[in-house]
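Shared chain: subunit A. Partners: subunit B in the first complex, subunit C in the second.
Now for the complex of A and B:
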């Protein structure tokens, strides 16, 4: 059973990563910087619990704030450019963060052993969960509390005036500007929110793996962050969850028996999925028919 | 002083391969306004395909390997076009982007699967030739890389500016609707662009293999990043820009590698990119309206 709890932890953390890209994608920006914010969150939370001895919850709060602040700082200059230039700029930022942590040493002696991030060797002994005797189930529930919280927040945003503004900017910037929306404020705030979500996800990730290193935050992670909401569909937050389950639980864990072939299938299935469902698994039509089945008739 | 000069010249010569990769990104972007993220992986993949010649015919000459990589590049380019662009509606730019990422992963995994993840030795040409001027040397294989890359660029320019296909390609990149109204088959031009960039990529991959001496699937990610950086520094959609930026990035990174070591090198390349994004966001040679 622990295996499934572990899988659920993984799905939860990746959902947070995907949701952080989701809100940025709503404004029509493709950001490959999410892995960078994820890394900032992971290292911040890890250093706070291990080096400063904080409890995990306030550490997650601080890591969310630090990541959000980083995202805000990246957001302003990066928003002078758009479209594909932004893809490259954010990609470079993400890689820059990774290379920073590759060269980052900050160790202090704690008892016999030295703890803290050590460049290429990474950051070991983030042992908050084992030290406090949390079981796998408890950790999973803890992670999913945050996931559900963030999902509820985004679901609510989607139905608010702010969410409509986000989508308006994503559909057509010129039209959005013409009706009086402040493009900079909306884009930077979406980026900041996304950074905050990635920060929480990163903090949780650091604590459930207990060991992080620069290569855990490479471009592949950044593309995964983007892949979840795109493969799942941008119509609803549930699309991201569906895509994470499809990728992590089905493609990666479910096909484990296939051995080598699994990795081959992985890329091919993403290509196939995009050809068959260019707007994602949960596109507008699927959502409408789902609503009809579960919601008792169409309302619109 | 001589050390720095040496580092710059080596870097600039190797930068020619970055320029070729950058041209591939920028050409597809110019024509379709789409990013093909699988391009660098396809280039490395076709270089691997060139090695198949050695499997079939042991002891085949190096130029045959290059030729095979060239042809495989074109075929792979067409395959990428079919799987990632042809059937996906133009209205879903995110879907094509994601499909090319899927293709990148697929090509990477095919390579790992076929070679068990072991780096493969690549045949070199002129690796025993050294041009010397006192303590200053020019490596023969790097000179060859540079020479072949320059030849490819000239061929591409001739193709774009002296042939009917080139005229059609430029027309589509300026205004695809107007080009269609003139009777140009846009789909065909797009497919041809992928084949041409694929051919270039095949050469670039083979050149990289020959000058590094080995091929490894680990090459794809850094090449993708460098290629994109070159594209942006040069200005999206600008071929001369990609060439200059490729040489610039090659020289710059080699100098910093000389001073700061290989682990910090790429950090400074990122900083160079940021400097360009802040002070010259359109790149060196921005085409009109080339900013998205």
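Now for the complex of A and C:
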């Protein structure tokens, strides 16, 4: 059973990563910086629990704030660039963060051993969960509390006027300005919220793996962050969850027995999925029919 | 209401608008006509704040608005429609109007969180009126992209009105419409005037221009070549040569 709980932990953390890209994508910004915000959150939360001895919950709060502040700082220059140039710029930022942690040493002695981030060796002994005797199930439930909280927040935003404004900006920036929407405020706030979500996700990730290093936050992670909401569909937050389950549970774990064939199938199945469902797993029509079936269910 | 003083916009060596003087009084309907490329749309874009001015100044209700960003001008009371319709296609008709409620008075009346994160209930009455005015009430939950052409034009006008503008800039609102739809548009424009909205209309369709405008200004190569009542403009020799056609 622990295997499935572990898998659910992974799915939960990746859902947060995907949702952090989801809200940014709504405004039409394609950002490869999410892995960078994820890394900032992971290191911040890890250092607070290991070095400062904090409880994990306030540490996650601080890591969300630090990542959000980082994202806000990235959001302003990102306003001036669009499309492919933004992809390149955010990719450069993400790599910058990774290289920063590759060179980041901050160790203190704790009893016999030294703990803390040590450059390329990474940051080991993030042992909050084992030290407090949390079982895999408890950790899984803890992670999913945050996932559900964030999903509820984004679901609410999606139904609000702010959510409609995010989508309006994503569709047509000129028209959005012409109806009185402040492009700067909307794009930067979406980036900041996305950063905060990635920060929580990173903090949780650091604690359930107990060991993070710079390569845990490479371009592949940034690509996954973008792929989840795109494969899942931008109509609803539930699409991102479905996509994470599809990719992590089915493609990566479910096909593990296939050995090398898995890597080949992985790409092919993603291409197939996108061809069959070009607007994502949960597109407007699917959501509408789900709503009919369940009556008063999730509103797009 | 609106005063353009020596307004100019150059794109490289092209003088799209070149020293334009134009005044639009309170409650007036002024039409801006001229051949293609004469600078009409550029003028609208300058008033709405899409491009910065190359020279000159724009006064709106006595204040210089030349340096304000687009969304601030809207909040001050200048709304517009686009020559090629620019709706938010993946939002519903209702949402298209909802996101456009950014008038200063709305900002003052509702608190920040109520405005952005509050539910739909507060906005319902005003949006209902806009939908009625535009004959779109039956389509309120349709995606804007799925509307017919004429409906999209009506929605774009309604969206501009959602911000309760004092000055409305209409950039070729009748393009692609048949004469029945033009008749309905005329009624709408005249009823807006009754409510005290000042209108600057850019249009090629003379049927509409002559039917609603109090005053017409004619542009050619970025400069104003004539201005006057519709009858005077129709009789003006320079205008006929440049634009209206005929053997003057």
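Everything below uses one rule, namely that the second predicted complex is superposed on the first by the 295 of 300 C-alpha atoms of A that agree within 3 Å, B and C clash if a C-alpha of one lies under 4 Å from a C-alpha of the other, contacts with A are read in each partner's own complex, and residues count from 1 in each chain.
Operating definition for what follows: a contact is a pair of C-beta atoms (placed from the backbone, for glycine too) under 8 Å apart; a residue touches a chain by one contact, two chains touch by 3 or more.
Keep in mind the model is a prediction, meaning the values are calculated, not measured.
Partners subunit B and subunit C, brought together by superposition on subunit A, fit side by side with no clash. Of the two partner chains placed by the overlay, only subunit C lies in contact with A:181; subunit B stays clear of it. In the superposed three-chain arrangement, the CA centre of subunit A forms the vertex of an angle with the CA centres of subunit B and subunit C, and that angle is 80 degrees when rounded to a multiple of 10. Between subunit B and subunit C, B contacts the larger number of subunit A residues. By the touch criterion defined above, A:112 reaches neither subunit B nor subunit C.
Applying the stated contact rule after C-alpha superposition, one finds that A:164 touches subunit C and leaves subunit B untouched. By the touch criterion defined above, A:260 reaches subunit B but does not reach subunit C. Judged by the touch definition given at the top, the superposed model places A:156 against subunit C, while subunit B stays out of reach. Superposition on chain A leaves subunit B and subunit C with their closest Cα atoms 12 Å from each other. Counting contacts by the rule stated earlier, no residue of subunit A appears in both its interface with subunit B and its interface with subunit C. Contacts from subunit B toward subunit A in the complex involve residues 29, 35, 83-84, 87-89, 92, 94-99, 101-110, 112-113, 221, 224-225, 228-229, 231-232, 236, 263-264, 266-267, 270-271, 273-274, 277-278, 281, 291-292.
Against subunit B, in their complex, subunit A makes its touches with residues 25, 30, 77-78, 80-85, 87-89, 91-93, 95-96, 99-100, 102-103, 120, 218-220, 223, 226-227, 230-231, 234, 260, 263-264, 266-271, 273-275, 278-279.
The residues of subunit A lying in touch with subunit C in their complex are 156-157, 159-162, 164-165, 167-168, 171-172, 174-183, 284. Looking at the complex, you find that subunit C touches subunit A at residues 48, 50, 69-71, 74-75, 79-80, 82, 86-91, 95-96, 98-103, 115-119, 123, 143, 159-160, 162-163.
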